[in-house]
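Each chain carries a letter (A, B and C) given by its place in the written order, and its residues are counted from 1.
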Amino acid sequence: MTRTIIPFGPQHPVLPEPIHLMLTLDDEVITEAVPAFGFVHRGLEKLVEIRDFHQMIYVVERICGICSMLHAMCYCQGIEEMMGIETPPRARFLRVIWSELHRMHSHLLWLGLFADSFGFESLFMQFWKIREKILDIDEATTGNRIIVSVNVIGGVRKDLTLEQTRGILSELKSVETELKRLETTILNDYTVQNRTVGKGVLTAKQAYELGLVGPTLRASGVMQDARMLKYAAFDDIAFTPVVETDGDCYARCKVRFREVFQSIDLIRQAIGKLPNGEIAVKVKGRPDGEVTSRVEQPRGEVFYYIRANGTKHLERLRVRTPTFANVPALLTMLPGAGLSDVPVIVLSIDPCISCTER
Amino acid sequence: MIRHGILIAAALIFGPLVGGLISGMDRILTARVQSRIGPPLLQPFYDVIKLLGKEKVVVNVWQAFCANAYLTAASIAVVLLCLRSDLLLILFIQAVGSVFLVVGAFSSTSPYSQIGAHRELLQMLCYEPLLILVAVGVYLQTGSFRIAAVHALHQPMLLKLPFLFLVLGLVLTIKLRKSPFDLSTSHHAHQELVKGLLTDYSGPLLALTEIAHWCDTALLLGFCSLFWATNPIGALLLVAVTYLMEIWIDNVCARMNWRWMLGYGWGMGMALSLVNLVWLYAR
Amino acid sequence: MFTMTSTILRNLLKEPATRRYPASVRPSFEAARGEIRNDIHVCTFCGVCAVKCPSQCITVDRKAADWSYDPSACVQCGVCAEVCTSGSLQQARDYRKPVRKKELVVLKGATTPPKHSDPPVTG
C-alpha cells in the first residue's frame, strides 16, 4: 500500500476524549502525526469574570471529569496562599486522602482504557470493576462519585467519621488483593508485553527536554513529582516518587500500576496520622495579588496562575494542565510506530483533553 | 429429490439461525467471564432486525453487490456441507465469499476500510493454506474429499488428526475475529481501525454481512463436528468444547498485530499440520 | 494468561458486578447529593441561595414570593442547601429521574413572606 492519511479522531472509540490526529501512513507505519485540538473548549477560565472566587471552586472542579478534586485543591491552595489563610491540619490530611483516592480511580480508569487499547477487553472490565469500589467510597463519604466538591477556601466541606475511615481501610484492603491478582496479567502476560514493551520509547533526556510531567516523565527515569513540594499534608507523610527507567509504554503502565499501591499506602498513612480538630476556617476579606499553585494530578503536575484585585471576582485565572505538557511526546513517539501501536502510545500519556482545552 | 430440497431449505434457515444463537450465547458467556450480566440471548437477532429496518445507504453499487455475494456464497457453503458434498468445493466457495467481502471494502475510499481490507487479505493468506492442509489431512484419512466418506468412518477422525484439529481451531479463532486475531475488524469497534473492513457497510448491507458471518460460524463449527462424526453427542460436545476454548482465548489475550499473526499462524499452523500429515503418511 | 484464566473463571462462578437497572436499583448512599427540594412554606425568600449558587440556577423573587430553580442547570453541589438561612432548602439522597423536557421548578409561597431585615436580593 502506498501513502495513506488516516483521520484518527476526534471521535474514535479507543480515544476517551476528542483529540484529532492526522496520521500519515506508509504501509501501516506512521511517518507523520499532526494533532489538532479545540473540540471541547468551554471557556471556563473566562468565567472568573462572572463567578465570584468561591463559586469558581465548583467551576474549576469541572475542568476535568477525572481529576476534578485536584483541580479544586490546587485552586483553593492558591487562593489560601494569596489570602494568607492557614488551613487546619485535619483539613490538610483529609485533602490528601481524597486526592489519593482520586489518583487511584484515575489510574484504574487508565489501566482499563490501556488494556482496551491493545484489545484486552476482559482485563479492561476487571480494572473498571475495581474502580467502582473507589467511586463508592467517594460517594459514601462526599456525596458524589467523581466531582466530590469537598474543597472550600480555608479547608474542606466534609469530615470523615471514625467509622468511615475504618470502612475506607477495609475497602482498600480488598482493592489491594484484587489488584495484586491482576498484577501478573498486566505486567507479565506474553501478549500484553508483546504490545507494550519497547513501544514509544522516550529517553530521560528527551522526556526532560520535551517538558513532560507526571508518570510519562517518571517512566523515563526522571524523578519529579509535585508531591515532593510537600503541599497539603505531604510534609508529614513519607513519600518517594515511583520511577521506572525504560521509558516505553510498558514502563508507563508499570509506573501507574505501582502508583495505585503507593496511593493506598499514602491513604493509610494519612488515616493513621489524621489529627483531630476543625476542618475549615472562616474566610474573611477578598483575595488580592498574584500567586501560582501546583499539585500533582494523576496525569502529572497541574499549574494554576491566579491574579486578583481585591474584588470578589478574580482578574485572571490560567491553568496549565499535564496533558498540555505531554502531547508533544506523542509527536516524538508516533513517527516510526505501526498503526496498531497508535492507540497504545496515545493512551500511554493518559491524554485528558477536557483538561487541556478547558 | 424431495429429501434434498428439504435439506437445502433446512440448511438455508438453520445455518444462520444456529450461527446467530451461538453468537448470542457467546455474548452472554463473554459477559459472564467479565463479570457482567450481558445482553439477552436473542440480542444478535434484534441487532440484525434493527439494521435491516434502517435506511439503505449504498456507498457504491459494487459494494452492495459484494455484500449480497458474500451472503450467497456463505449460505451455499453451508448448504453444501449439509449435502455432504466435496470438502474442497465448500472451502473454495467460502473463500470466494470472503474475497467478495474484501473487495467490497476495497471499493470504498475510506482509509479505515481500505486498511481493514488489506489486513483481512493478510488474514486469509494466513488461514486459507491451513484450511487446505486440514482438508488434505481428511483426504489422507478417508481417501476422499467427500464429506460422506467422513461419515462412513467407524472411528472419530479426531483420534487420528488431533494436531490438524488444533490447526482448525486456530483458523476458527481468526475467522471468528477473536483476540488475538481481531485485526481487520472487531465486534466492538474498540480498535485502531474502528470497524475496519466493515466501516463502510451500513444498515441492511451490514446486516447481510452479519448474517453471512453467522453462516461462516456455522460452517466452520460444522467442519469441526466432522472430527467426531461417528456419534452426534460426541460431535456436539466437541463443538461446544471448541467454542468454549475460543471464548477462553478471547478473554485471556490482547490483540496482536498482523506480523505476529502471519508468523505465528504459519509457523504454528504449518508445523502442527506437517507433524500430523507425516504421521498419517508414515503409518 | 493462566492468572487471567483463574480470574475469568472466578468471575464466572461469582455473581455479576452489574445489575439490571432500572429493574434493580441500589439505594443511594446516605451522603449522596441528589435532588434539591425546597419546603416553600418555611422559605423566607431571603435569596441567599440564589446568590451563592455557582451555576446560578436559582431565582428568588421576594415581592412575588416565588422561588424557582432550573434542575437541568443545577450541578448538585449542595451549596444552596448548606447556606439556606431558614433550613427550608434540603438536598435529598436520590437523583432526579430523567425527564423528556427541560422545565423550571417554580414554587410559590402561600402567604406573603414575613418581614426580613435583610434587603431583598434577586439573583
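As a working rule, a residue touches a chain if its C-beta (ideal position, glycine included) is under 8 Å from a C-beta of that chain, and two chains touch if they have at least 3 such contacts.
These numbers come from a predicted model, not from an experiment.
> Report which of B-C and A-B is connected by more C-beta pairs in contact.
So, comparing the two chain pairs, more contacts are at A-B.
> Can you tell me which chain lies farthest from subunit B, using the average of the Cα atoms as each chain's centre?
So the farthest one, by centre of C-alpha atoms, is C.
> Specify the chain with the shortest distance from its C-alpha centroid to the centroid of every protein C-alpha atom present.
Chain nearest the overall C-alpha centroid, as shown: A.
> How many angstrom lie between the centres of subunit A and subunit C, each centre taken as the mean Cα position?
The computed centroid separation for subunit A versus subunit C comes out at 28 Å.
> Just the number, please: Cα centre separation of subunit B and subunit C in whole Å.
Going by mean C-alpha positions, subunit B sits 53 Å from subunit C.
> Any idea how many Å lie between the Cα centroids of subunit A and subunit B?
43
> Where does subunit A touch two or more other chains at once, residue-wise?
122-123, 126, 129, 189, 191
> Among the residues of subunit B, which are close enough to touch at least two other chains?
33-36, 251-253
> Going by the contact rule already set, what residues in subunit C reach two or more other chains?
Correct list: 1, 4, 8, 17.
> Report the residues of subunit A in contact with subunit C in the complex, numbered from low to high.
Checking each residue of subunit A against subunit C gives 51, 54-59, 62, 122-123, 126, 129, 132, 136, 139-144, 147, 149, 157-158, 181-182, 184-185, 189-191.
> So in the complex, which bits of subunit A are touching subunit B?
Interface residues on the subunit A side: 1, 4-8, 12-14, 25, 28, 115-116, 118-123, 125-126, 129, 189, 191-192, 194-195, 338-343.
> Under the stated contact criterion, what part of subunit B meets subunit A in this complex?
30, 33-36, 111-112, 114-115, 118, 179-180, 182-183, 186, 188-194, 250-258, 260
> Which residues, counting only subunit B, touch subunit C once they are in their complex?
Those in contact with subunit C are residues 31-38, 248, 251-253.
> Note which residues of subunit C are touching subunit B in the complex, please.
1, 4-5, 8-9, 11-12, 14, 16-20
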